[in-house]
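Could you have a look at this structure, given as structure tokens, before my questions?
Chain nomenclature is as follows: A, B, C and D, assigned in order of appearance, with residue numbering initiated at 1 for each chain independently.
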């Protein structure tokens, strides 16, 4: 049982620079090119999240419903979102993450479109 | 139609570590070395932005005018800016982004100057 | 003796996107795939830290006790944590860092699972 | 002349995860492995900075004096610092940046110790 007396995180986050790389080299899923967000919920109850995804020239898609269990981590591959709609590869997107309780969100990309792996990441923007 | 009751983002952002890599390997534009900013506007009206670009030994260049449509994402390649002036490759720069309404800004670089791709990125500095 | 009149940092930090890559290529330890946090303590007394590590489908593990000496840096390899338990490779995790005095925390990954090195990093989330 | 009515940035910054990679592959200086900070000064007067560098097992070194001219960018290679002392390669360090007026600081690393380039970076921690 963890000491979660302090609330940790925020309820509103955003990332602006999403773009799932088109090509993959190497064994899947280990080397699948991907954009992900990792969500930490240290609370003693489940967090209910709603993701909204924005594009350059199309209407936003929402809501993607995510539950992050109490005292657990959830890693979302944007590649794998299907409801309400899957995302296209190689298409710039942004994502707003709304949670009913505080969570911490970190963005990561693995890009294996060239011979070797490239990775990047950043703590998401705390928009609270 | 998205739920944009919460204002998301800030009106003043900066990145300090810009530098478009000189060389490119691989098919263009997929592998073109680039510095970019991605801008998310969740508001129900267009955001009007003004970019100012700073250098080590020269006067700043401004304004670069950008419009990010309501509920849309805009990805700016610094490589492609032309008005008032294009930027040189391989030359350190910083950029200040001013918006009339709140937006979220994320910086990214793809560097293909060696055989394989390298990527980096960070949420920009919220200077509000 | 440094000028540490200003408190620098926070007492509560988090990273959400941990995942020690499974494979390593190249001479160890220089090229060992790793997730790390670097902790700066500018205070004139030691900082006592407690790390809690969270997972997708298991109970959190805690506490990992860390001491960062006065006016010193400490780099923690998640690969090397053993007490109370070592972490598995290739398993998503998050980490909450609690310190009794202000510190600065930065996350880094080196991933050598493909032929060439990939690196990423971000200032951790300041959860104070 | 830029519109610098808004103060942009902070006077106290830190990065925790410095470490200049030991090896370099490729033509120098384009591919020299390096740790850098980029500093943006949008003010209409010069910024005077003092850097303090911290280590794992040694006394901090300070001050490194830096001037960032008015409305200019300055990129500091930690590899090139010499006064009061040069830094060793392959040695973890942190850096506190104090400025007399607000600036924006971004950290970057290029690591060419394996066959291909790897890059990472993050906006520094705003410690104000």
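Just so it is clear, a residue touches a chain if its C-beta (ideal position, glycine included) is under 8 Å from a C-beta of that chain, and two chains touch if they have at least 3 such contacts.
Owing to the predicted nature of the structure, the values given are computational and were not obtained by experimental measurement.
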Original post:
What angle of turn lays subunit A on top of subunit C when you fit their CA atoms, given in steps of 5 degrees?
Top reply: 90
**OP:** Could you pull out the chain whose C-alpha mean position is farthest off from that of subunit D?
**Re:** A
Subject >> Rounded Å distance between subunit A and subunit B, as computed from the means of their C-alpha atoms >> reply: 21
Subject >> Where subunit B and subunit C are represented by their mean Cα positions, the distance between them in whole Å >> reply: 30
Original post:
Hey, what residues on subunit A touch two or more of the other chains?
Top reply: 115-116, 118-123
**OP:** If you connect every pair of chains that touch, what shape comes out? Choose line, ring, star, complete or other.
**Re:** complete
**OP:** Could you please specify the touching residues of subunit A with respect to subunit D in the complex?
**Re:** 115-116, 118, 120, 122
**OP:** State the interface residues of subunit B toward subunit D in the complex, per the touch definition above.
**Re:** 12, 14-19, 22, 52, 54-57, 59-60, 62, 92-94, 96, 109, 111, 113-116, 118-125, 127
Original post:
In their complex, what parts of subunit A are in touch with subunit C?
Top reply: 2-3, 6, 8-9, 26, 30-31, 36-40, 42, 71-75, 104-108, 112, 115-123, 126
